[in-house]
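Just dropping this structure here.
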C-alpha cells in the first residue's frame, strides 16, 4: 500500500458541512481513523463522536493527525489548504470540485515549497482497502489485493475497481488524483510509489483526454517502472474543443487526444485497454497471484 | 465563459492596453452615427474561432458599402454560432503583427505567457512560439524577459513589456483561463495596439468575479440551446450526432460509456455528466433534456453510485416513465441503495442491468432495432 | 503619516469593519444636527496618543452639556497638538474590550498581528500580548489562529477572525505602517465594533497610494510648524530644547553629532539630516529653518561628503552668511571638492574645522560664550 | 575580506539614471569590475565604456557577473530585486532609499527562499578597500587593513573609517547594512563572516537607535564571536517617538534606546565607544598589528 494505512490519523476540514458530515460518517463506518474535524466557530462541539476544532493547528496537536481531507466550498479551499500545509500536515486530500485554477496553482506551489503532498482537488480521494478510506469512494467496491490504481476520474475508478473485485483481484491502494488541469500528486510520483511498494504487483492507470500528462507518464514508465502497467484512457469518442465534464478533460489545439495517449502507452510497452472491463482482463494476465473469487 | 471581442477590448482598455476606437452596432443604420472616417473594418461578434476564414471580417470604403456589408454580416452564422453584433473600427495601419497571451500551463501548474513574432495566426500551428512561465508572484521583469525573447529592443521593448504586464494583471485579477491578443499590432507610428482579443473567464470563478454576474446567459451562443440550458442548470452536456442519449454520473464514466457505445457499434448522441450526488430533480432534468433531442432512439443511463444515491435516481426514472412511457431505455444502476431503487422501479417496465457492458450492448441493440427491446 | 480617528474609521468601514456611527464636527452648534440620541461621546481629533488621560474624551447627557463640552474640547491642545475637530458618537454598550493591530515586525521582517484580550490600553505595557506573524501570503486562517490565541470560540471566534482579516487587507492594500483598533469592543449584543482606531500610512508609500495624495499637509499637527515645513521640503528635522542648531548629512552622523555635543557639554537644539547629495538650495533651506529657532546660539554644520559635494554646501553657506553675518557658526566640511569649498569660503569669515570633535567643541564653546568666537 | 574582492563582477541596475550613471563612473574609477548595466529599453547602448542590457538575465549571461547593485527608483525596486534574484545573482546590493517596507519584506523573503544575499536597502553599499567598491561610499577614505566594519549608517561609517584610516588602521571590508527597519544581511551573518575571515582582526559594529537588532547582536557575539568587537551606537540623545532620519531609527514603546543597546554590548563583553573617535582608540587597543601611519 502507499500513502495511507490503518494507522493513518486524519482530520476533516469542513466536517460539519453537508458533504463533510455525511462522508465523515461513511469513512468512520469503513474503519478510517478520523480523529477530529475542523469548522471555524464550531470548536468544542462533536459530530459522529469525533471532536470539532476551530483551527487545524489545534486539531492536529490535540489528535496527532498527520493528514487532512478537505470538504470546504471552492472559494475557501486555498485558505483551508494553506492552513493544513502550514500546520504541518504531511498529506492533504482536496475533494472539493470547482476551485478556480489560479487558486489551485497557488495552493500546489505552497505545498511544494513546504514539502506537503496534495491529492486532488476535484477528486474522490484514496483508499487502502480494509485499512483506510479518505474521501468519497464507495468502500464496499474495493477489496485488499495486489493492484495499485491511479485515476483522473471518480466513478470510472469505481467501475474498474468493481470489475477487478468481481474478478477476485483486490487493490493495494487506489488514488483518485482528480479531474482538474492543475493538481497535486501526478502520475510520476504515484507510479514510483507503487513501483516501490511490495504489496503492489500490477499498476492500473486510468487517464482521460486533455493535457499531456499521460504522454509524460508513458515516457516515465518506460524509463523507471519495472512492474506491469495497464492503462485505460477515457474519451476516445470525445470531440475536440469541448470540455467533457472535468475541467481538465478537453482536447485543444490538437493536443490531449485519447489516440495520442494510447499510442504513447503502447510505445512504452504498457498494456492498453479500450474498455473498463478490458482493464480487468489485462490485469489478470499480469498477476502472479492466483485469482481468488 | 468566452467573451465577445468588444467585451474583451473594453477590459483591455480599462487595464490600459491600447485598442482601436471601436463601436458596437446591431443594425446597419447605426453606421451613420459613426464619427471616424472610412475605410472601416466590420467584424462579426461571435464566440467561435475562425471568423476571418469564415468571412466574418469585411472592409467598407464608404457608408453605402458599409451598410450593405453590415446587413450581410449581421445575418452571418459561423460554425453554427450566430453573430451577436458587429464591431466597427477604423482600419489600422499595421507594420507588424504579434501574438500575445496569458493562460494556465497544466504541466508546470502555473500561469504562462505565450508569445509569437507572428500574429493573426492560430498559435497551435505557429513555429515561433515563445513561452515564459510565471511560477510565483508576477513581477514586470517577467514581461520584459518575454519582450526580449520576442526580439524587441528600444522603445518597443518597453511598450511590449508594458502591454504584457497589463495583460497579466487582468488575467490574474479577473480569474481568466485565457487572455489573448491576436494580433497585437505594431502600427506605422510604433504604437502597440490590441487589434483582436479573446478572453475566457474561468467558469468556476464567475461566482466571485462580481462584474460577470449574470453574464453567462448571454454567452452561451457557442453551444447548442440545450447545451446552454444544461450549463445554466449546472450540468455538463455536449451534443454529438448519434442516436443514443447517454446520462452517467462522473465525467470519466460518461466518456467511458460513450467509448463503449461506439466500440459496440452504436453512435452516442451526447455526453451528459449528471454529476456526483445529483438528486431526483436534477436527474429528471437530465433525462428530459436528453429526451428533447429529436435524433435519439434510446437513452442509456449508467449510474455507479458513490455519492449518488440510486433511490434518488429511481425516483426521477419513475417520474420520467410516467411522461414518456414509450421512450426506449437501458438502465444500469449500481451502488448506494441499489436494492431500494430496484424495488421502486419494479413496476416501471424498466429492467435494470447490473453489468456495464451488457447495458451498453442492450442500448446499442435497441438503437439499431425498430422495436423497443429494453421494455418488457 | 498619522491619520485622525475619524479618517481611520472611514477606512475601516470601507473595508467592512463595523464602527460606531460617528459625525465629525468643527463647531459646537453642529451638535444640534446630530440625529442619534444622548448620551453622546465627544472625542478630540488629535494626532498624538494619550488623549483619554489628557481629558480629550467627554460624555454629554444632553445638548446643553454637549455644546459646552464641545466648545471646551475644540479649544484643547494635547501635548502641544491642536484639536482638529471632534468626533461625536453614541455611547457604546461595552461588554468587553480588546486590542487588535497589524504592523511590520522588524525582527521577523514581515507583517505581524498583535492582539490582546485587554483593550483601551497602551499595548507596550500590556502583559497579555499575542503575536501572530504573516511570513508569506496572508490567508484568513492566520486571523483565525489569532482569534483562537485570544481565547475566542463560537460566533465571536468567527467575528474576531473576520475583523482581523479585513484589518490585514487594508493594512496591506494601503501600505500602512500600523492599522490598530484600540479598543475593539464586544457589545452587549455580541457584535464586534471598532471603538477607536489608528492608522499610520507609510510615508514612502504615499506616492503610490493615490487616495492620500495631498493629505500630508493636513497631517503634520503632531509636529512643530518648522518640523512640518522641513518634512514637506523633504528634510528630517526634529526639534529639541537646546541651543546648538545641528545640520549634518546622513542620519547616523547627525545623531552622532548630537551625542558629541551633549558629551562635550552642549545642548542640541535639533536634529536635521540634510540628506545625501543635497544641493545649495536645499542646504540653504536647512540653514534658514534651523536659524529661525529663536533658542539657538550657534549653528553646527557637520558635512562629510560622500554623495554631497562640499562646494554646493559652500555656495549655500556664502549665501547664508550674506543674510546672517552675525550668526555664530562652527563648520566642518570634508569630502568631495573640499578644497574648492575652502576657497569659496575664504572671505566668509568662517573657519573650517577638519576634525569632527574639534568642530563640536568649538560649537559648544561658542554656545556657552557671549561673544561669537567662531567668527574671525 | 568578506563578500567581495578584486575578482567580483558586478552589474548596475538603473545604470543610465542620474545616480546610477555617476556612481558607476566612480566605482569604475575605483577599480571595481563593473561589467555591465541594465536599463530596460536601452539595451545595446553603452555608458562609461560598459555595455547596457535590457534584462538582468541577458547582462549576467553576457558578462559572467554574480552581483548586482540596484539604483532604480523606490517603487521599481521589488521588481528589479526579484529580477536579479531570479536571474541567479549571489549578492544584490540595494542602494535606493524610500522603498515601502512591505515591498522590502517581500523582496527579502524572496531572496531567502532562493538563497540570495541582499545588502540594504537604503544603504551606502560595501567596500573591500583597494579591491572592490559597490555603492556610493567615498573610496578615498578607506584603506586596506585589519578592521571589519558593519554599520547601519552611511556618513557615520565614513566618519569612523576616516578616523581609522587617519590612525593608520585600514579596513578588511566595510558593509553598510542600511537604515531601514527591514533589511537583508544583518549583524549575525556579517559578524560570523568577519569572525571566519583571516584578514579581519577586529570588528567594528556601528548601530543606532530603533529596534532590537543590537541587543540580539550582543547576545550573538557573546555566544559565537571570538574576535574583539568594538560597538558604537548613534542616537544617545535622541528623544523617544521621533523618527531620526532613517526609517528604522525610532525609539518606540520604550524599545530601541541607545542605553539598552550599549548595556547589552557591555554585558556581552564588547568594547563600547561613546563617540566615533573613541571607536578608533578602542580598535587601536585591540589590534595586534603595529599601527602604521
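All chains are identified by letter, namely A, B, C and D, in their written order; residue positions are counted from 1 within each chain.
Methods note: a residue touches a chain if its C-beta (ideal position, glycine included) is under 8 Å from a C-beta of that chain, and two chains touch if they have at least 3 such contacts.
Since this is a predicted model, take the numbers as computed values, not measurements.
K.L.:
Give the chains in contact with both subunit B and subunit D, ordered by label.
P.N.:
none
K.L.:
If you apply the touch rule, which chains end up adjacent to both subunit A and subunit C?
P.N.:
none
K.L.:
Suppose each chain is reduced to the average of its Cα coordinates; what separation in Å results between subunit A and subunit B?
P.N.:
Distance between chain centres, rounded to whole Å: 27 Å.
K.L.:
Rounded to the nearest whole Å, what is the centre-to-centre distance of subunit A and subunit D, using the mean of the C-alpha atoms as each centre?
P.N.:
Result: the chain centres lie 51 Å from each other.
K.L.:
For subunit B versus subunit C, what separation do you get between their C-alpha means, in angstrom?
P.N.:
56
K.L.:
Give the residues of subunit D touching no fewer than two other chains, as numbers and ranges.
P.N.:
In subunit D, no residue touches two or more other chains.
K.L.:
What residues in subunit B touch two or more of the other chains?
P.N.:
Subunit B, residues with two or more chain partners: 136.
K.L.:
So what shape is it, when you link every pair of chains that touch: line, ring, star, complete or other?
P.N.:
Ring.
K.L.:
Hey, which chains are touching each other here?
P.N.:
All touching pairs, sorted by chain label, are A-B, A-C, B-D, C-D.
K.L.:
In the complex of these two chains, what residues of subunit D are touching subunit B?
P.N.:
Touching subunit B from subunit D are residues 40-41, 43-44, 54-58, 78-80, 82-83, 86, 106, 110.
K.L.:
Would you mind writing out the residues of subunit B in touch with subunit D in their complex?
P.N.:
136-137, 139-141, 144-145, 147-148, 153-155, 157-158, 161
K.L.:
With touch defined as at the start, can you tell me which subunit B residues reach subunit A in the complex?
P.N.:
104, 106-107, 109-111, 122-124, 135-136, 172, 175, 177, 202, 204-205, 207-208, 236, 238, 240, 248-256, 258-263, 268, 271, 273, 276-277, 304-307, 334-336, 356-357
K.L.:
Please give the residue numbers of subunit A that touch subunit B in the complex, ascending.
P.N.:
19, 74-75, 97-102, 105, 108-109, 124, 136-138, 151-159, 162, 179, 181-183, 206, 208-213, 216, 232, 234-239, 242-249, 252-255, 258, 274-277
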